[in-house]
Amino acid sequence: MMNKDLPRWATGFVMPLLNLLSALLVTALVIHLLGESPTESLAILVNSAVVNPEGLSYTLFYASTFIFTGLAVSIAMEAGLFNIGAEGQMYFAGLGLTLAMLTFDSSLSAWLLIPIGMLGAALFGALWAFVPGYLQAKRGSHVVVTTIMFNYIAGALMNTIIVKLVPPGEQNPASRAFAAAAEMPRLNQWFPILGETPLNISFFLAIIALVIYGVVVSRSSWGFKLRATGLNKHAAHYAGIRISKMIIIVMLISGALAGLGSVNSIMGSTHYLSLNFVGGAGFIGIAIALMGRQHPVGIFLSAVLFGALTQGGFDLSLEKQNIPPEMVILVQGLIILFCGAMENLYGPAIAKMLKLKK
Amino acid sequence: MTFDDLHIGSILVSTVRNAPVLIFAGMAGLFAERSGVIDIGLEGKILASAFVSAAVGFATQNPWYGVMAGIVASMLLASLQAYIAITQKGNQLVAGIAINIAMSGLTFVVAQYFFQQGGRTPDLGSARLFDVVLPGSAAVEHIPFLGWFYAHLIGGHSVLVYLAFALVPLVHWVVYHSRFGLRLRACGENPHAADAAGVNVERQRYMAMLIAGFLCSFSGAYLSIVQSGFFLRDMSAGAGYLALTAMVFGNWRPLYTFLGCLMFGFFGAVQIQIEGVELPVIGRLPGAMIQMVPYVLTVIVLAGLMAKSVAPKALGSPFVKSR
Amino acid sequence: ADPKLGIVYDAGGKFDKSFNQSAFEGATRFKKETNINFIEVQASSDTQAEQVLRSLARKNLDLIASIGFAQQAAVQKVAKEFPKVRFVLIDGVAPGANVNSITFKEEEGSYLVGVAAAMASKSKKLGFIGGVDIPLIRTFACGYAQGAKAVNPKVDVTSNMVGTSSDSWNNPAKGGELARSQFDRGVDVVFAVAGGSGLGTLQTAKEKGKLAIGVDSNQNSLYPGSILTSMVKRVDNAVYDSFMQMKNGTWKAGVTAKGIKEGGVDWALDENNRKLITPEIEKRVLGARKDIIDGKIKVIDIRSGTACPV
Amino acid sequence: MQPAVEFRGISKHFGAVKANTDVNFTIAKGSIHGLVGENGAGKSTLMSILYGYYRADGGEILLDGQARRIHNSQEAIALGIGMVHQHFMLVENMTVLDNVMLGSEGGVRLKAKRASVEAELREICARYRLDVDPLATIHDLSVGAQQRVEILKQIYRSASILILDEPTAVLTAQETASLFEILRLFKEQGKTIILITHKLQEILDITDTVTVMRGGRVIGAVPTAGTTKEALANMMVGRPIENNLPRAPYNPGAPVLQVENLQLRDDQDVKLLADIGFTLRAGEIVAIAGVSGNGQSELMEILAGMRVPTSGKLAFLGKDLPFNGRSDPDGLPRTFRELGIAHVPEDRLRDGVVKAFSVMHNTILGYQDKLKNRWGLLNFKAIAARCDALMKSFDVRPNNHDLRIGLLSGGNQQKVVIAREVLAQPKLMLVGQPTRGVDIGTIESIHAQLLKLRDEGVAILLVSVELEEVRALADRILVMCGGRITGELKIEEFDTTRIGLLMGGEHKS
């Protein structure tokens, strides 16, 4: 209510910035306590994640995955569903993609393999979200609970399957590597300045997905129905929206989006399916959706921020002996805390200052 | 597979030992959510108290100091959550998730800094909480069934196990038969009504969150100073989420939540027992497949038996005075 | 000049009480003896592994030790890009003229501890607790069972896995719970191959007065009197040797599988478990050890595609 | 006169909105004091300040001559102030007993007190002739009964100053009458009562003095005895109110809706509707009168496609309504809307609007698919223009289509809903409680709209518990009780007593 009176530049720019600074301040304190220099650490972080072109490309590579998982969580959230299962959906989607690649990578060209891989991933991701969606729609089983369960189930199932895909004589619990044709074209072939980077066209796909998401959710009649369902089920029913169908469809889309995240991770980087390749990207998607307020621009910025942390924090731990890689996790948590949960921390203060000036 | 292969006795004892982590956290979540505050941050609180309990327990070589320090840590986190959810009227889900993530990082960083063992605390050794042996256990040990029942199912656990089980009727009483509980439920259902009736909604929610923090700390202490004897990074391993699931499963009611926790403990124990055992029809299941048994069963039970869960109506929405 | 050395741990980190830690110890030993420093980094994901290796390679390091099979693809790729940099891959095989791949015959060491376990067990029921159900862990389990059954075909081996996620290596509560449940079923010796979760197993064994077997490094000293022995996997030696060879200019690329004969795996006998290992056990284990070295006993490696015979 | 409450220079603003400006007046002890004014005049705000919800920006409140600062509801309750809110303040899944005890439990253990409180409640119920079972759960109670629980709460706490904010908005004539009986009893006991209502007849019936507010200020305070409805209305709105709106002569056309033998049972197989049958023709308004909770809501929901009947025949323009054996109404309202059935739901906040949407978005709710282009996109420029036109012609205030509709007053929300449904040019219009909680000026304009629609040949089915409204709008009247139609009257036969009997279940005589 307070914010209503604040100008947009304050709520949209100054406050998030202050929140981010607060998170960094706490981080700096921790770094100081660990006996390292906060300013140097920040310099390393920024340099590694943004200034250095190769680092920036890694930032954007991680961001591409996060955009997809962030979108997956966001779209479900618009319908009032809290999909905690992006992690499992992306994991299972990796299987769909991999099965497609293992089948076709020796016979088809890249132009066909990429769409097929995306389709496989989206399909399997959607499939993994279908059951929770269906149970929510038809049986009223809480989607939060079922998606958590489905994360665990995906873990167990994928473990069983991946072990079966290991080529004989290999140690790594992973499928065989795909043929070169099944690799997403990397951006460094057009922009050599990016250096050796896994950044690939998935990044553009992610941007396209953001735009489509933005248009569909806020400009289309389906998006209108989606949001109405999320905000008021009774009114949605009154408006003739088929709520159970909506829930199932939105969960399918959500799962498919989470699934597309695996295209970047697998076809864009490792080129094989390995155990636990998702590595928390699904959970980060929750943070991104919440911090980004389910808005395409917000999702993009949060995804890039988290990508930068993943990249920069890694270099930081490399250069600073006392800062373990786990420090990044703490910083992520702090940023979500300040920028996502306490977004209004400085609202009253700013309001007061503006009033005083007048 | 014969009946004996199932080792019912072992499963039951294992259930009793598995459940307390979930019971403490489940009851904690119940207080928070019954007051209207979503507590997805159980995981982070468990982890924080597990670490602090172990670290202080080790440093002082007294498990009870560890437990107390764990309580302080968990309650501090709960107050932060409360401050965000109640005073700041921020997003409760975000707050909880942020705390989970931050604690996963912080416990590692701090443990590493102090102990230099890769985010682990040293072994507590004798500073652990050990199992209580009921008087006369040795004497009755040899009586069939009754001996086992007395010495191993009822007896032979840590004090915290008894605390966990004793907690359930206590929570039930507080929620349904005390003034505090009446106000708690009212705040979670319709804070405006509570407010109009002269209940201080914010204070009530703060208290609920502090209780949640208090109870949740035992979950962490149980993990580190009872079950393991040290702290290890991310050792909560999803217990907070599982407890939350048990609570939703239990429809935000203490007794059913307790049953949910037992159910998870039980399925977990069954899963241990059937690993590697030749099952009728299916044959021998691969280890990883068996891991999913508890989760699949939960989904089935949720879809079949307890489809409709009714959350407290005001859950998740900050209380803003006005109509 | 001194060689520039680097070591890259995998997601477990250098304190995993498992092979990363062992590698760290080997490198540290080298440093102490030679006063030559090394750079160390942890790669948390497969994508990061490639990034790390590349950034180390760009620093013109002479030798990079990559610990863990997860880095296999990354080593293969980066080694190709930087033919002048040499790589040692532990636990995996990558082709390349500048790569030395070192794997271990975990089945052989496990066989030895299986023999010891079967002899020490009164109930003739043995337990195995693995972290995650992957081929490497199954190799341990199968070697262990082969050794045990060689002593007495009637010995029963119960096997459990902690879980399926990466948490499974950090869940001592579950590791302990699995052990309790196995003890309830009559098991009296348990072999834990589960990283941090295994610590819970060892501890529970001590608490319950049963025997446990440690893994990777010599864990006998953790709970003297209740740890029967440890299946040591000398990653430390592999790293130490590689660094030494680099220093002495004798480093060679290739593929090595280190078994007992090559000093890659072994059982651990020291003052901590001296009392537990009776002369008969010792005799039998040493006999088996000799037979394996002489090739009289061939322990099946399930990774070669052969099913576990027991 | 001894003053119980004195407002001195009270001001309160919310952002730019001046809800109360320099409010001064006095309420005499032991009197019933009426408070009237348009929607948004500032009545609720003033009472909220008295009850400690809001802190006034300026001015002071005197209780029994003493200046008091009331910071929260606890303090208000301690000072003997009780409030029955516009929207009931009850915890739905708790019993009456627990709701009464909430906040005044009298000890840590509930059990110790429960029995004695229950006995006391039964005693109060008997004394005040309040028909409430203390052990019933709130969501099982009718609206009227919930209202009685609110009163019960205040009696139990022996409030000496009782504020009632639109207590009669959802009550039937009988319920209102019995509420007033209780209020008179209170007055006899020396309690002070402040009554907010939009129904001027009630002011005349029961109050001693009446204060009129407009735009946050007090326009006047007059003894009730010396005033008339017209005079009050004039003060409130600033212009005379037309009571007899023009309407074309009754000339019904072809049947639009035919209902035969309609039955509805709930999950527990309880009969909610039985043997409903009637015909509705083009160009007529048929009103369904009855105590709320007697099946009217269910009937409306069935006709709107929001619920599926157990059995029965429903024909719209001669064709069967497409329930075709479905058990799930999911999506059905859309089909019905496309056939030409519009629906103004009785619970507008629950069903009729999405509070978090802007006014503009709410004007397309239910019609979103009609307005999309072939890409499925909505042209929000055009929709905004459409919305502006609509807001202008229905006089929706404030005139800003980007405002969240939740910020509009109930009356203005209602105008948006009605405008939206009228704009769809329906053949049948279902209207539930169109003027609940709406001020007289707005009632006038809503009634005018509905009559215009009728004159244009639309068939209108009106559900209202307001007999005044029924009399003002209906051509024919059906009375429902216990899920059945107990009688039918032409408007010429309008007779409050007879309708009252039929509403009570007295069968067609």
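Observations on the model:
We just call them A, B, C and D in the order they show up, numbering each chain from 1.
Simple rule for what comes next: contacts are C-beta pairs under 8 Å (C-beta built on N, C-alpha and C of every residue); 3 or more make two chains touch, one makes a residue touch a chain.
For clarity, every value in this text was computed on a predicted model and none was experimentally measured.
Under the touch definition stated at the top, chain B and chain C share these contacting partners: A.
Across the assembly, the mean Cα position most removed from that of chain C is the one of D. In whole angstrom, the spacing between the mean C-alpha positions of chain B and chain D is 46.
Averaged C-alpha coordinates give centres for chain A and chain D that are 46 Å from one another. For this pair, chain C with chain D, the centres built from the Cα atoms lie 75 Å apart.
One simple way to say how far apart two chains are is to compare their mean CA positions; for chain A and chain C this gives 35 Å. Under the contact definition stated at the top, the residues of chain C that touch 2 or more other chains are 13, 132-133, 163-164.
Those residues of chain A in touch with two or more other chains are numbered 152, 155-156, 159-160, 163, 324. Residue positions of chain D in touch with at least two other chains are not found. Every pair of chains in contact is given here: A-B, A-C, A-D, B-C, B-D.
By the touch criterion stated above, chain D contacts chain A in their complex at residues 15, 304-306, 328-337, 343, 345, 347, 350-357, 361, 364-366, 368-369, 371-372, 375-378, 380. In the complex of the two chains, the chain A residues touching chain D come out as 4-5, 215, 219-222, 224-225, 227-228, 231-232, 234-245. In the complex of the two chains, the chain B residues touching chain C come out as 7, 9-10, 13-14, 17-18, 21, 112, 117-120, 123, 223, 227-230, 232-235, 237-238, 268-269, 272-273, 275-276, 286-288, 291-292.
Put simply, chain B touches chain D in their complex at residues 177-183, 185-186, 189-190, 192-200, 313, 321-323. Only residues 84, 88-95, 97-106, 108-109, 112-113, 119, 233, 238, 241-242, 244-245, 248-249, 286, 288-292, 295-296, 298-299, 302-303, 307-309, 320 of chain B touch chain A when the two sit together in their complex.
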